[in-house]
Structure formats: C-alpha cells, structure tokens
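As written, the chains take the letters A, B, C and D, and residue 1 is the first residue of each chain.
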C-alpha cells in the first residue's frame, strides 16, 4: 500500500509540475497564476499522500496550512498593488 | 476488511489522480484562458476531493478525519473564490492581466 | 532502487527547473511565480528530511506571506525591472560568475561527502533535558528554553526590520497608515473569502501554537497564519492598517519581547540565571511567552508585508 | 542515493544558482529572489546536517531544525526590508539604480557611491 500511495503522490506532483509549462508559455499572467494555483492543490494532494504513506500525522497540519494560504499569491496577483478591489465597479476608486 | 479498505483507497485515489491528469492536460491544451480556468477547477474540486476520500479510512482517528475534510473544504472555498477573481480580472483587463 | 528513493529523485527533478527559472526567466513575473511554486514544493522536501516543524514554517512563510510580498513588489517595480533588464552585464562577467557559482556549488557538494561520521548531534542532550522543560516537542524546547536567547534576539531583529521599513516613509506621511486603502465591495468574492477564511485561520493558528508543546507546530508558524489572515482582511478592504503612530499598536508590538524579557529577568531573580525557568513552572512560562510571541510576531509580519506608511492617518 | 544525498546536492545547486543570479541580475527584484534562493539552499544543507544527527528517537538534531526556523523568519524580514528599500528608491528617483551609476553599468557605480 505504501508503494501505491507514494507512486500516486509522485504522479500527482509530476502532473501538476508539468502544468507549470504554462508559467513559461503564458500567454497572459492570469494563465501563469492558474498554473501556480494548480500546483498548490496538487502539492496539497501529494503531501497528504506522502504523509499517509510515511505514517507521519504532522503532514496533515502542513497540508492544512498550505490549504489556508494557497490562495494568497493569487489574491495578491489580482490586487496588483492597486487600491481598487477587483470586484468593485470600474469607477469606484 | 483491510483488503476492502485497500481496494477503496486504490480506487478513490486513482480516480483523484486521473482528475489531476485531466486538469493538467486541460491547462496545457485548452485554447483560451477561461476554458483553462474551467479545467483547473476540476483538479481542485474532484481531484483533491477523491484523494481525500481515499485517505479517510487511513486517517489517524477522528481528528485526522476532521483535518482531511477541512483541507478539502478550505481548498474548495479558496479555489472557488480565486477562480472568480481571476475570471473577473481577465474579463476586465484581458488575459494579460 | 526502492520506491522512496525514486520518490526523492522525482521530487528533486521537479524542483530544480523551478529554481533555474527563478534565476533565468526573462520576465520578473515568471521568476516570482516560479519562486512561489518552488517554496511550495520545498515544504514536501522538509517533510522528507524528517523536519515537520520546518515544513510548517516554510509552508506558511513561503507560500503565504512571501507570495503576497513578492508579487506586490513585482507589480510596483514593473517599469524599473524592464528598464534595468537592459543593463545586462557583459558576457565575460557572466562567464566568471558562472564559474564562481559552479565552483561554490561543487565545493559544497563535495564537502557534504566528507561530513564527520558519526554525525555530531545534540539530540541526546536535548532528549535528556527535555523533561525539565515540561514540553514534549524537542524543537519547541530548543526554541523556547535551551536557546531561548536566540529566539528573544530574533524578536528584536524582526522589530528592527519593521522600524527600518517604517522609517522609509516620506516626511509628510510620518505616523500615517501603511499601504493603499483597499475598497471593499460588499457583494464581492474577495470580501466573501475574507469573511469566511479568517475565523478558520485563527483557529488553525492557535491550534499550531497549542500542539507545539508536544507535536510539530510552533508560535512562528501560528503567527504567520494569523498575519496572513489579517492581510487578507486588509486586501479585501474590510479593515484598514492602523496608523503607525498608534500607541496601542506600538504596545502590542513590544508585548512579546517584553514578556520574554520579564520572564528572563525573573529567572535571574528566582532561578540560576537570565532566562532560566523554575522547573515546576517551566511549561506554564513557555506557554505564556509563546502567547505573547504569537501576538507580536503576527502583527510584525503582517506590517512588514504592508510596507512603509504611505498616507496620513486621517485618510 | 538516500534522501540526504538528493537534498544535499539540491541545496548545493540552489546555492550556486542563487549566487549566479545575485551577481548577474541587473533587476532589483531578481536579486532579492536570487538571495532568497541562495538562502533556501543554505537551509537545505543545514537540514541535511540536522537530519544526519538523528538520534535519541528524534527525526533530526532539534538544535539544527530550530536554527533553520529562526533563519527562515529572519530571511523573510530581510526580504521585506530590502523590497521596501527598493520601492522607496524607485519613488524618490524613478529608477532602481543609484544616480551616479550611469555608463559604467549599474553595479560598479552603485558600489562606489556607497
């Protein structure tokens, strides 16, 4: 069973890392951010699988931390240092 | 009993891994930003959900189960919100946003 | 080759390209995204290295705060980055730099093969004295008891960094608020997220502090999550940064080190030396110091990301 | 090939890449990133040393691990301070190089004027 979980973890990580080709190719920065977002989710899945395979309970806490903070880079990206909220009406500066 | 649990884990995790595969293929192959965003959410919601489901019987007690479910719910919430925000940014400013 | 070995090699193969892109990518945005992704995979490596406490710290700082800080800086420095990219150093300089870097890397790799065997370690000493501290997690015991002086000084370093950031404010806004005021759209997605996530984040942050007595976790890791939650509320426009001249804010910023110092001085008076805890009280004192740290470090980290004051307090 | 060898080689590679980036990148933020990458490599090397010291039922030498945690937090504070300094310089001068750095390449001039 350990082998299966590890293999699954490695496969998921390899898949989402492959998605990072989007970071290089773009074309837009939104696409790049999405690839990072996918890596975040895949990283959490890989971590949970790895933790279960290794029998280390603390990895669930690491995954919980990642799940809480995984969105932050994308939020910083849509804000882009502007004071306007991305979902505020255009005139509302 | 343990064979049944193993089978359950293998089936659920494999299905979850398949959705990560699908999400990556979609992200790489779909023609424009919004369709790629659609592919992404499949991996977030179903891929991680099925992996978590498969790992539930192996979690360390009720607290472990609670943590796993929380991880999935947090990722669901985060990815749903971020998809909206990215889609809105793309609509307002074009994919170069 | 076992499955574990293959897993380690797969992980290394996946991460090195990210480190490479961080340096070699043409656009700064690509480099920043690569670095954030690199930080995320790094957390997995730390799990493999048997250091879950470090994995937690790297996950919280690397994927949360660093991402916000670096992407924000990248957006504001975009013009400069393009302008500066033209000033690429000459080929000769690049070759010399490459030779130097490869030499250093190779030297380190070789040095790793000649580490003393058996490896020197303080683990048995830590294990022997663990009982005296009342905590079960050796890393927490090192941070809060055996090498408490380092942790105290680290608080001071964080505070100095914040003073440094604050003092970059232009004269006219000194004592004002940090960063731009973000406008909230009450129907918006970001506000929705900023209302739902922080309560969960606060619970997880306090939980990480609480379990750190016996299991991986810690005050830093918890306070990083609290800082991220506060930043989320700021970004969504639900709350504003406090004016840096606020007395309450300044008191909260020195609360952590002050509690630490008081306990340390109490050790001088009641115990053997500075920062020595009476055995019967050790665990209680450690938890008190950690709670003070949770508050202060959380505030400091969030304000470090928020940057220097940019507008007067009334705005 | 055990995890220590892999992580050690990786740490050494990260140090090398970071060093190279710090020397040759003309852009300010890229230098910050290179510095952080170099730092992560150093932490990994320290992590390998700590892991080798696993004894007494612990997964690694707790002193080394505690050092790394302290280092991660301090490195973050340094990154924040450096970013703020660059941003302020940009606000003041509209450029990220110091004023008398013209002609000779940003680096040489910047070092002289300090």
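Operating definition for what follows: contacts are C-beta pairs under 8 Å (C-beta built on N, C-alpha and C of every residue); 3 or more make two chains touch, one makes a residue touch a chain.
Here the structure is a predicted model, which is why all the values come from computation and not from measurement.
The interface with the greater number of C-beta contacts, when B-C is set against A-B, is A-B. Subunit B and subunit C have centres, each the mean of its CA atoms, that are 27 Å apart. Computed from the mean C-alpha positions, the centre of subunit A lies at a distance of 10 Å from the centre of subunit B. Centroid to centroid, with C-alpha atoms defining each point, subunit A and subunit C lie 19 Å apart. Averaged C-alpha coordinates put the centre of subunit C at 14 Å from the centre of subunit D.
Across the assembly, subunit B contributes residues 70, 74, 78, 81, 84-85, 88 that each touch 2 or more other chains. Residue positions 29, 33, 35, 57, 61, 64, 68, 70-71, 75, 77-78, 86-87 of subunit A each touch two or more of the other chains. Residue positions 4, 11, 48, 52, 65, 76, 189-190, 193, 197, 200 of subunit C each touch two or more of the other chains. Chain pairs that touch one another, listed by label: A-B, A-C, B-C, C-D. If you check the complex, the residues on subunit B that touch subunit C are 70, 74, 77-78, 81, 84-85, 88. Across the complex, subunit A meets subunit B through its residues 1, 4-5, 8, 11-12, 15-16, 18-19, 21-22, 27-31, 33-35, 37-38, 41-42, 44-45, 48-49, 52, 57, 60-61, 63-64, 67-68, 70-71, 74-75, 77-78, 86-87, 90. Listing the residues of subunit B that touch subunit A in their complex gives 6, 9-10, 13-14, 16-17, 20-21, 23-24, 27-28, 33, 36-37, 40, 43-44, 47-48, 51-52, 55, 58-60, 64, 67-68, 70-71, 74-75, 78-79, 81-82, 84-86, 88-90, 92, 94-97.
Against subunit B, the residues of subunit C that register as touching in their complex are 189-190, 192-193, 196-197, 200.
On subunit D, the positions that touch subunit C within their shared complex are 1-21, 23-30, 32-34, 36-37, 40, 43-45, 47-63, 65-70, 72-74, 76-81, 83-88, 90-91, 95-97, 105-107.
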